[in-house]
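Chain naming follows the written order as A, B, C and D, and within any one chain the residues start at number 1.
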Amino acid sequence: MSEFFNSNREIILLFVKMIVIFGGVMTALAYTTLAERKIMAFVQMRPGPNRVGPFGLLQPLADGAKFLLKEQTVPGNANVFLYYLAPIVSMIPALLSFSVIPFGPDLKIADTNVSLLFIFAITSLGVYGIVLGGWASNSKYPLMGAMRASAQMLSYELSLTLSVVGVLLISNTLSLNSIVLSQQGTWLGFIPRWNIFPQFIGFFVYVLSGIAETNRLPFDLAESEQELVAGWHTEYSGMKFAMFFLAEYANMVTVSALATIMFLGGWNGPMFGPWWLQMGLPTVWFVLKISGFLFLYMLIRATIPRIRYDQLMRFGWKVLLPIAVANVVLTSFIVAIS
Amino acid sequence: MIPLNWYLILAAALFLLGMLGFFIKRNIISLLLSVEIMLNAVNLTFVAFSSRNGQISGQIFVFFVLVVAAAEAAVGLALVIAMFRNRETLNVDRSNLLKW
Amino acid sequence: MVNFLWLIPFVPLLGAVINGFWGKRLSKGVIGAIAAGSVAISFAISLGAFLQMLGMSEQELPVIRNYFTWIQAGSFEANFGFMLDHLSGLMILIVTGVGFLIHIYSTAYMHEEPGFYRFFAYLNLFMFSMLTLVLANNYLLMFVGWEGVGLCSYLLIGFWFKKKSAADAGKKAFIVNRIGDFGFLIATMMMFWTFHSLDYTRVFAAAAKMPSDELGVIGTLTAICLLMFVGATGKSAQIPLYVWLPDAMEGPTPVSALIHAATMVTAGVYMVARSSALFNRAPGALLVVAVIGAATALIAASIGLVQTDIKKVLAYSTVSQLGYMFLACGAGAYAAGVFHLMTHAFFKALLFLGAGSVIHGMGGIQDITKMGGLRREMPWTFRTFLIGTLAIAGVPGLAGFFSKDMILAAVYSSPHFGKALWAVGIVTAGMTSFYMFRLLILTFFGNARYTHEDVHHVHESPSPMLLPLILLAVLSAVAGYVGIPAILGGHERIAEFLSLGGPAAEHGSAALEWILMAASVASAGIGFAMAYVCYVTSPELPRRIASSAEALYSILTSKYYVDEIYETILVWPLVATAREFLWQFVDVSVIDGAVNGVGQTVRGLAGGLRHMQTGYVRTYAGWLLFGGILMVAWFLR
Amino acid sequence: MIQILFMFFAAVALGAAINVLTQKHVLYSSLSLIVLLTAVSALFVLMQAEFLAVINVIVYAGAIMVLFVFVIMLLNLPADEESNDRLRWLKFAGIPMGLFLLFMVARTVWRVEGSATTPEIAGTAQAIGASLFTDYILPFELTSLLILIALMGAVVFAKKDL
């Protein structure tokens, strides 16, 4: 037995990491939904879910059970194959991107020298789930939602990608781990060397595009309840709907994690205590930063009204994209002369 | 280590499939898709040769092929939309006015 | 001032540019001021440069300024550069001085013309070209000026281009000049072939090392000189290319005065004088120059005897006088030629301007048989015209006398056919005197032969026209004093000044010179006497002579049928060949046939091939594939 | 191991390509093409061209194919009808000829010997970028021009009142 462990240590370690990360992520996603509902309730001065377990803490489990037990409906005239395929296509990329995110100095499944691009590549595939879901439902609201979503995600992907180019120019690598490492230390002894300070324009663009990219308010035109019922997943129910739902939250977490890595120093943070604490602290910092980010997301959702579709497009192409490009030019200029 | 031949034959097969598609399909979007298959086959050979000959140039060319493919898709699809608006069909055999 | 040499041509060019591009929007006063002012500046600079040059020692001369390399190709190099020496200094003074006066005159004369700005743009452009011609330091740049003046001459002759005769005259001048220019161009090429340079200094230095050609042998130098002289005959209206000059009188009168009397037509003389170093080594060419000059002088004068158009008389007179100048050059007396060039510029400009004044006063009538008695209406014109006539006729004391006398003396003592050429010169002088006094008498004396229906109000010209006349009259009177012959106590300063050495001609004895001078004065007197008899005392005499010697008279009035002969032997065959062969056969059958044939072939082929264009995308892709397979097959072969 | 991966992805690519051709509806063809692209990207990874693999997915799958799918949805196309035109027999002539051609090409290609001595190079972003911005700077700039022209062309073509 111990021989097996010794000879296959790498692989076993990898499997352990995978279980830890995905298990953690899935749990976290479930509780993110609860957190969102709670925060929304808090903002709107109502209690929120508080019936299932203490403070409603078991609510996600109840939700999950409900999703599993619901009847699987398929609309008439729907394209059944694609109808079933869509949630899977949505879910897989959303989870796949976690495989390269470093949750701590060692707590990562893989780190390639193109991790960042890998995440962009994977998330760019996420749009297919939405598009296919909307089209396969053979229903007008989902179709419109899907069209909006695809156009919106294509548009904002540009500014999203361009906004991090500044960071790349500074840190000189595409590996997420190296980017985190490049943000270690401090300026003047107390300001952390986070990219958010030199790259505040990029951060600003990134946050806005990230919100749009994940179809969150105020940019949730693809599923805007008041116009399109529920957008592309109007016709979905049960577990298939849950997968869309989880994919959306997973994307939120991915975007937040990326923001943390790119701009907020990743798992960097004050280190103290005994070795076992030091092992866990980076992950704690990382999760805390992500949580703060998610909190920002939810706060924005709760407070800012939805904008119109043409405004959305105009904002993306005429405001964010030029700013992102200008930021790239400015940064490269500064990098070049320094 | 995979022999270069394997890649080349795979690429040739893909290219021929793309070509075949171009000849037997009627939907203009299918034709564009076939062209994309052919471009991918070519990309594959480029990368194969680049990796095997230790020269980065092949990968650069793939980069350019991607750019051309993007441009082609943009213009091609715009044309598809225009064509569909005017003729209510995407069958290339129905659009044959431009002849002698 | 020699440092501003380049300004001399370029100020008029600037004037031409301003007037040419924006003249339409400027008022006539401004246009005239720009045109005349630019020439005045040019004249002032010329004068300054000339005076500065006089103060220079021999070693400093000639002043050469190379501004930039104009053409460089292989061993060939042509600079854009100017050269100032005594000859070109004198020339620029004549050109700018006379030119300035004529510009002043023109502002009044052309005042009613619609193309006022155009006229002055051309005139300034002409000044630029002429000054470039004169100042150039190499033959190629001279050629540029040469062509430039030709162009301006064409433009100005055809100034009234709506009149067919004027347009035709312009074309005639241009085409005839092309023949001469062709000769000049070939001469330039031969020169480069022989001397590997076109710069005056280097050409002359190289020529000085070459042996002189024998008389009667056409060596390289002789060939070059003869070809250059072909150019000169075109530009300076010598036999056989003189035919354009009389027609050129279709242009405005100031143009006739400036271009076709005073300056441009003397370019040939200038060129021969400039190339004296070459001509001196080609006695055969010199002889040809002399003979052609003498023949032109005689024939043109004889035609002038019977002309009735005031400007035509002066035109033939010009041709004749130019012949005189070439006669002098041919005799090796370049200085005399240039001297006559200068005096002629003054009095002929004066005569033309006077004629213009008359025409102006007569409201456009040019026929002297319809004039008469104008000296009362136009006293100042008459007085100046009289001085001009006396000057050209060779009355002692006036400019023409000295220059003509210098020429005749030189010709008499020239080695080849000197006496015969002298005799021609004397006869010509007599004829000149005759037709000039005939002109004077018919125009200004006797009774008015015009009716007041024809001419409403004969009037004296305005002062801007009279002022140049008076100045030119003064110059015509005194210009000769720079060349007083030795026997009259002078030094022939002009000859020393120009120092253009010809073949050594031994001066005759003082007695001989007296005799020659007397002969020339006598011939002038005879001419005057005959004119007086014919047109004052017995006015019916000319008609009787004409009827008794009808054949001769008709030959003269029809100008020896030269135009008709040219028409028959040159123009008609050309036109016929062009029409029947080049047009009807070569163009229609061969060229059009080839073009149409190509078109038909392509069309036929395309008619077959177009069926390749099925309109199906797949077919095109198939052809593409086919081509690709061919290429692959080629590489795998 | 790597051979197995190659075989797997090659099979996926070929299968996807065949599926592109055989599908009646163009949307399925598009989706199949995405699979093909992903497989080709995986093959790129096998050849250590990671950067290109990722770029291939981003550009092709993430943008170009989205555009295709978008257009297909926009036009709401029906499945291809079986048109009975004069060129129908081409399909049946084409397949054997294509196979023959494949055979010929394969026979030729089989003799190609990759020089095993030269080391495989990794297609990192750094290596590609360095080459792209030095040796290929002019073509690179020209592609931007090409993209701009294509952009304008697309805008013009897609206008309503063409």
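To be clear about the criterion, contacts are C-beta pairs under 8 Å (C-beta built on N, C-alpha and C of every residue); 3 or more make two chains touch, one makes a residue touch a chain.
Because the structure is a prediction, the values reported are computed rather than measured.
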item: Labels of chains that are neighbours to chain A and to chain D; value: none
item: Chain occupying the middle, per Cα centroid; value: B
item: For chain A paired with chain C, centre-to-centre distance based on mean C-alpha positions, whole Å; value: 93
item: Distance between chain centroids, defined by C-alpha means - chain C, chain D (Å); value: 79
item: Inter-centroid spacing, chain B versus chain A (mean Cα positions, whole Å); value: 33
item: Mean-CA-position distance for chain C and chain B (Å); value: 76
item: Residues within chain D bordering two or more other chains; value: 51, 55, 63, 67, 74, 87, 90
item: Where chain B touches two or more other chains, by residue; value: 19, 23, 93
item: Residue list for chain C, restricted to those that touch at least two other chains; value: 616, 618
item: Chain D partner contacts - residues on chain B that touch it in the complex; value: 1-10, 12-14, 16-21, 23-27, 29-30, 32-34, 36-37, 40, 43-44, 47-48, 50-57, 59-60, 62-64, 66-75, 77-82, 84-86, 90-91, 93
item: Residues of chain D that touch chain B when the two form their complex; value: 2-3, 6, 10, 13-14, 17-18, 20-21, 26, 29-30, 33, 36-37, 40, 43-44, 46-49, 51-52, 55-56, 59-60, 63-64, 67-68, 71-72, 74-75, 77, 80-81, 83, 85, 87, 90-91, 94-95, 98, 101-102, 105-106, 109-110, 112-116, 118-121, 123, 127-128, 131-132, 135-136, 139, 143, 146-147, 149-151, 153-158, 160, 162
item: Of all residues in chain A, those that touch chain D in their complex; value: 82, 112-114, 117-118, 120-122, 124-125, 127-128, 131-132, 134-135, 143, 146-147, 150-151, 154, 157, 174
item: Residue ranges of chain D in contact with chain A within the complex; value: 27, 31, 34, 50-51, 54-55, 57-58, 61-63, 66-67, 69-70, 73-74, 124-125
item: Residues of chain B touching chain C in the complex; value: 19, 22-23, 28, 31, 92-93, 95-100
